[in-house]
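What follows is a set of structures to go through.
Okay, so subunit A shows up in both of these, paired with subunit B first and subunit C after.
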Partner chain A sequence: MSGSGDPARVVIDANGIDTLIAILAKRGYEVLGPVRRDGAIVHEPIASTDDLPRGWIDEQRGGHYRLKQEGDAYFAYTVGPSSWKRVLHPPRQPLWRSEIRDGEVAIEAASVDTQRRALIGVRACELAAIAVQDRVFLEGPYQDRHYAARRAGLFIVAVNCGRAVETCFCVSMDTGPEARAGFDIALTEIANGRFVATAGSDDGAARLAELPTRPAEPSELDAAAAAIETAAGQMTRTLETEGLPDLLTSNPDHPRWDDVAQRCLNCANCTMVCPTCFCTDVEEVNDLDGGGAARVQQWASCFTTDFTYLHGGGAVRDSVRSRYRQWMTHKLATWHDQFGTSGCVGCGRCIAWCPVGIDITEEAAAMRGARGGG
Partner chain B sequence: MGAKPRLGVFKFSSCDGCQLSLLDCEDELLAIVGAIDIAYFPEATRADDTGHYDIALVEGSVTTLHEAKIIHSIRERSTRLITIGACATSGGIQALKNGADVAEFISAVYAHPDYIATLDSATPIKDHVPVDYELRGCPIAKHQLIELIAATLAGRWPRTPPHATCMECKRAGHVCVMVAQGTPCLGPVTHAGCGALCPGYARGCYGCFGPKENANTAALAARLAEDGATGRDIRRLFSTYNANAPAFRQEAQRHG
Partner chain C sequence: MSTVLAPDPQLDPMVPTLARITRKIDEIPDVVTFEMEADGWSGFAPGQFNMLGPFGVGEIPISLSGPASKRERLVHTIRAVGPVSRALVELQEGAVLGLRGPYGAPWPVERAQGRDVMVVAGGLGLAPVRPVLYDVLENRDDYEKVIVLYGARRPEEMLFADELSTWRARFDIEVAVTVDHASVGWHGHVGVVTSLLRTVGYDPANTTAYVCGPEIMMRFAARALTDAGVAPGEIWLSMERNMHCAIGLCGHCQLGPVFICRDGPVFDWARLRPLMQQEEL
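Up next, the complex of A and B:
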C-alpha cells in the first residue's frame, strides 16, 4: 500500500451511488435496494439514494424489531424481515400449464424471468445465504431453471456492516460482517455520506471505473476497517458450531425438544424469513371450464403437517416437537451432509421474527448443556 | 362429460355474507354457472328446495329448533355437504351466547321477547350431521370457494391448507405487525385462507378463519401478556367470530 492509498479501493459519495444507480438502470437492470416501509427496512425498486433509509437504524431482539432515527448513515440498519430470497426464489413461481387440445394434453413450461436486477445493500450474511442457495438450486444434480435465470442476471452491490444488533451472530458462523466474495462492488460507509468502494468482479470494476471516485486515503481505509471491527465487536450472540452436527443428530430424544415445543407456535415464520430455507410445494390450479390446469410452486415449511403428509399414511412429523427438531437439525447438522455447508448464516432473522422470540443459538446451547444466546 | 353437478346453497343462522361470496365471484361466475347447475340458491334464484344435490353448501349455525330439524333433511338429500364460513364451522359470533343467560340477552335486545324462539346455544353444522368438507372464514375467501368448486369438478381434494396465516402474510411480503409494531395478532394461531388481509393493512389478525392445526394459543397468549395485554384483552381477542371453536374457546376460558 502506497502513501496515496490503495488504488483498488476508492472513495465514492452519495452522488457517485446515484450515478451508479442511473448507469445500472440505463443498462436494463431493475435496481432494488433498502427502503423504509411499514416500520421495517425492506427491499424495493429504488431510483436514487433519496429512497434509502438514511438516518434510520434498527433495534432487534427475540420477537422484536423497531426502527428509530439516529445519525445520518445510509446503511446503519442491519437486516430486515425480507431477505433477497424473495427476489431469487420468489414465494410463488408458476411451473407449467396444461391444456387439452384436440383430445391431447399439451404441457407448456412457464418462461423464466430474464429481467436483470441490481441488488443494492447486500450484507455479508446475505451473500453467504445466496451462496448456500446456489448450492441448493444450481450445484446439485438438478438445476432450478427459474433460480438460475434470475441468478445469472444479478449485479450485487454489497455493503459491509458497521453496526450489529442483538440478534446478529455472523462472526460465529464465519460469514461476516465483511463481504469477502460474491459481489460486484462492495461499499463500506465511513462518515458524511462517503464510502470506500472496491470491485469484486470485472463487471464491478468496469462500473466503478465509470463513476466519480478518487483513491482512498490511508485514514479512510482505517475508518472503513474500524467500522467493520465495530460491527464485529458489537456482536454478543454466538452459535458454537464445533461438534454441533453430532450433538444434534445424537440427541433426538433430548428433553429440550419438548421444552421448545411448549413455546413454539409452529407458525413457520422462521422458515419464511430464513434466507436459506428453500422448501416448496406445488399446487394445482384448475380452470372451471375445460380441462386446463396449472402447477404453481410456492414456499412451504417443515413446520406444517401437510409438509410430511404421505398418501394414506398421514403426517410423518405430526408433533410440534418433531417439526422443530427437523428444522434445527437440518439447518445446523444434516445440511452439511447434503450441501457441504451449514444452512445457517447467522443473520438472526429467525430470532427477531419469531413472534415468541425462540432463539436458535440458545436452543443449541441448551442442547449442549451450556447457557446460550447472547 | 356427464350432467352438470346439482348445487344447493342453504342458509342457517348467519348474515348471508358467505353466500354472497358466491355472487362476488363476478369474473368466474359465468364459468361456474357453465360448470354446475345452481338448483337452489334463494339469494340468486326463485327455485324451490326439492330433490337431491350433488353439492350442498351450508352457511350458518344451528340456533333454532327448526334449523336443528331441517339440517337432517338436507344431509339426507346431499352427496357432499360442505359448510361455509365461521357460523357453519364453529357456531359464529352468535355462539357468544353459549353458556350465558340467553333469556336475559333476548329481553335486552328485543322489544317483544315472546316473539323469539331460539335454542340456548349456536352450534356448528358438524355437531348435528356429518360434514364432508369445510371452508373457514368470516366470510369465506372467494378464491377458496372457487378452488373448492374447481377441485370438485376436477375430481380431486380441495386445497385449503390448515397452517398459520403467517405463511400467507410472509409470502405476501407484509411486515409482521406483532414483531415490528407490538400489535396483538392472532395470525400465528389462525387458519390460513384470507391472504393475511388485516396485517396487509397494518392491523393484527382477528382470527376470522378460526384455529389453525396444532394452534399453540397458550404460547401466544403468554407473549401477549408479556407485551401488556390483560386477561380481559386476551379473552376478548379469542372471543369473536370463532368463539366456540374449541382451541379459541378454551384459551378464552383460561383468562377469566
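Up next, the complex of A and C:
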C-alpha cells in the first residue's frame, strides 16, 4: 500500500469528522455513533466527536467486558453489547393495530421508519453482519418491510479496527478487521486524532469531497496498514470453518453437546448480542379498555422452551442440549443451507456476554476433537 | 358486523386481511369447521395453510380443509388446544378475524395420477389431507385405487365421520378406520392406524401416499409404507411447528436446514427421514 500518495486515500482529523457529522445532520440524517453509557460502548445519537468514547478501550474475554481508560484514540474499543441490529431490526417492532368500535373492525398497518440514519464507527464484522441480515430479511421470498425501510436510508461510516480483544476472531471468518465493502466512508485511525479515509460509494465520495482533507502521505498509509495488521495480529481466537457445516450436522449426538448443556444457563444473552440472530415472536398487546390491540414483533431466542412450544405436543426442543445444538448448528451450518452464508461473523460478542463464558470457537474445536478457543 | 378494508397485504405480508365466518359446523368435541369469506381470497392448493388471528388474542397456522377446486371456498377445521385455537373455536357465525395466506408448499396431488392413492390420517390430521381426497375424487378416472386409512383415539372423536361413511359407500374408494380405545358399541378395528395397512390391497411400487397426523404416527406410517415397498419419495407428510410469521422470517419453525412454513409444511419422506429421526431437532 505504501509508495507514492494515493489520491483516493485522504487524511482527515477530528474537525473533519465533526464537519461530516454536521453535514450529515443537515442532510436529514440522524447520526448514531459509539458512546460510553453504563460501563459499555453503545450506539446513540451523537452531535460531534466530543460524544465519542475517546481514550476508552475495552477488555474482553469469556464472560467478561470492562472499559478502561488508555491512550487518546477515538476508536480503540472493539465491539460492545449493542450491535447495529438494534437500529435496523429493533427489539420491538409494532406491525399493526386492530380497533374494534361498535362492532366495526379496522386494521392499521404500522408505518415504516423512513428516518435516514448515519452510522458512525461500524466495524468490519458488523458490516458483515448487516450483509447477513440483508440476506435474511431482504433476499428471501418475503421481505421484512420495516427492515427494508431502515436499511434503505443508511449512510455508513466504517472504522477499521486497529486493535483486537481476546474474543475477536474475524480473521478466521474472513470478515475483518478491514472493511472491504458495504460502507460509504471507511476510516482508519492513525496517531494524534488523524484518520486515513476512503470512499466506498459515490455518496461517500461526494461527502468526503466536502470535508477538509489532504492526500495521505505514504507514511500515513503505512501507519493505517500497520494498524489493521496489528489488530489482525492480536487475534488469538480462530474458528476453523473448513468442513464445519458437515461436522456439526453429522454429529447431533456428539457428547460435547451434553458437556456444553451442563454449563449453558439458557439465558439467551448470546442470541440477543449476536448481530445476525434474527428470530422474533409475534405478540398481541391489548389496550386496557379492550377496544384495540397491537400486533408486535419482538426479539425471541431459540434458547427458550417457549420457542418451539406446540399446544398438545409440548416443546420440540425440550433439553438444554438440543437448544444449544440448534443455536450453534444453525449459526455455523444450516445457515449456509438457508442463506448461502455462515451466520457467524467472528465478532465474539456471544463469548464475552455469556455469563459462564461459553466459547463458540472452543465448542466447534471440541467437536473436531481438537483443543480450540483462545 | 361490517368490515373495513384492510391494508394491501402485498405491501406487508405480516398485515392480515379481514375474514368473516359465514357458517360454523360443530364436528366433534372441541373441533369446529368454519366456512369463511375474506377480502381478496382467490383460492389455495391442497396442503396449504392460513394464519388465522382472532383480534386481541394472537395468530396461528391452520390448514385449509375444504375443496381447492372451488376457488371461492375458504374452509378451516380447528381444534381447541391452546389459547388462540380456543378463541377461534369460540367464534360464532358473522365474527370477523384476521387472515394471512395461503402459505406453504402443497401436497403434490397430480403426482399420483395413474397410481394408487394412499391417504393415511390420524386424529385432526384428516383435515389438512381432505383437500387431496376432494381433488382425487373429482378426477377419479385419473387415479388407480384410492385408499383412506383413518385412526382416531375414540369412536366419538372420529372427524368427518359422515363423510367417511359416504366415501365408504362408494365402490371406487376403500375406507378403513380404527380407534385406539374402543367404547361400548364399537365393533370396528382397534389399534394404531398403521395396522390397517395390512388389511388393504394396493400396489406399493405404484403408490403415492399422503400422511398427516401426530408426528409419531407419521413416522410409523412412513416406515410401514417404506417397509411395504412404497418409495420414500412417494410418501408425503405434513409437519406442524410453532410458527409466528409463516414467511420464513421469525425462525421458530426450523427443522434443521428447512423452514417448515416456507419449505413445507409438506415434504417427502426421503427429505424428512433424516430430520425426523433426530430427536429434538
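In the analysis below, the second predicted complex is superposed on the first by the 364 of 374 C-alpha atoms of A that agree within 3 Å, B and C clash if a C-alpha of one lies under 4 Å from a C-alpha of the other, contacts with A are read in each partner's own complex, and residues count from 1 in each chain.
The rule we apply is simple: a contact is a pair of C-beta atoms (placed from the backbone, for glycine too) under 8 Å apart; a residue touches a chain by one contact, two chains touch by 3 or more.
The structure displayed is predicted, hence computed values, not measured ones.
Novice: Between subunit B and subunit C, whom does A:R145 touch in the aligned arrangement: first, second, both, or neither?
Specialist: second
Novice: After superposition on the shared chain, which partner residues are touched by A:R349: those of subunit B (first), subunit C (second), both, or neither?
Specialist: A:R349: touches no partner chain.
Novice: Could you look at A:A106 and tell me whether it touches subunit B, subunit C, both or neither (first, second, both, neither)?
Specialist: second
Novice: In the overlay, answer first, second, both or neither for which of subunit B and subunit C A:H89 touches.
Specialist: It touches nothing on subunit B or subunit C.
Novice: Name the contact category of A:Q326: first (subunit B only), second (subunit C only), both, or neither.
Specialist: Once the two structures are laid over each other on A, A:Q326 reaches subunit C alone.
Novice: Of the partners subunit B and subunit C, which touch A:R194 in the superposed model: first, second, both, neither?
Specialist: A:R194 contacts neither subunit B nor subunit C.
Novice: Identify the partner contact of A:F278: answer first if only subunit B is touched, second if only subunit C is, both if each is, neither if none is.
Specialist: After superposing on A, A:F278 lies in contact with subunit C but is clear of subunit B.
Novice: After superposition on the shared chain, which partner residues are touched by A:A293: those of subunit B (first), subunit C (second), both, or neither?
Specialist: Both subunit B and subunit C are touched by A:A293.
Novice: Shared contact residues on subunit A, subunit B side and subunit C side combined as an intersection?
Specialist: 283-284, 286, 293
Novice: Taking the complex as given, what residues does subunit B use to touch subunit A?
Specialist: Per the touch definition, subunit B meets subunit A at residues 28, 31-32, 34-35, 146-147, 149-151, 153-154, 156, 159, 161-164, 166-167, 170-176, 178-181, 185, 187-189, 202, 213-214, 216, 219-220, 222-223.
Novice: So in the complex, the part of subunit A that touches subunit C is made up of which residues?
Specialist: 95-96, 98, 100, 103-109, 136-137, 140-145, 249, 252, 278-284, 286, 290, 293, 295, 297, 300, 302, 307-313, 316-319, 321-322, 326, 329-330, 334, 337-338
Novice: Provide the residue numbers of subunit A that touch subunit B in the complex, in ascending order.
Specialist: Checking each residue of subunit A against subunit B gives 37-40, 42, 63-67, 81-82, 86, 91-92, 262-269, 272-273, 283-289, 293, 298-299, 301, 303-306, 320, 352-353, 355-357.
Novice: Can you check the complex and tell me which residues of subunit C touch subunit A?
Specialist: Touch residues, subunit C against subunit A: 1-4, 6-7, 11-16, 18, 53, 55-59, 81-83, 85, 96, 98, 214-215, 240-242, 244-245, 247-252, 254, 256-257, 259, 262, 278-281.
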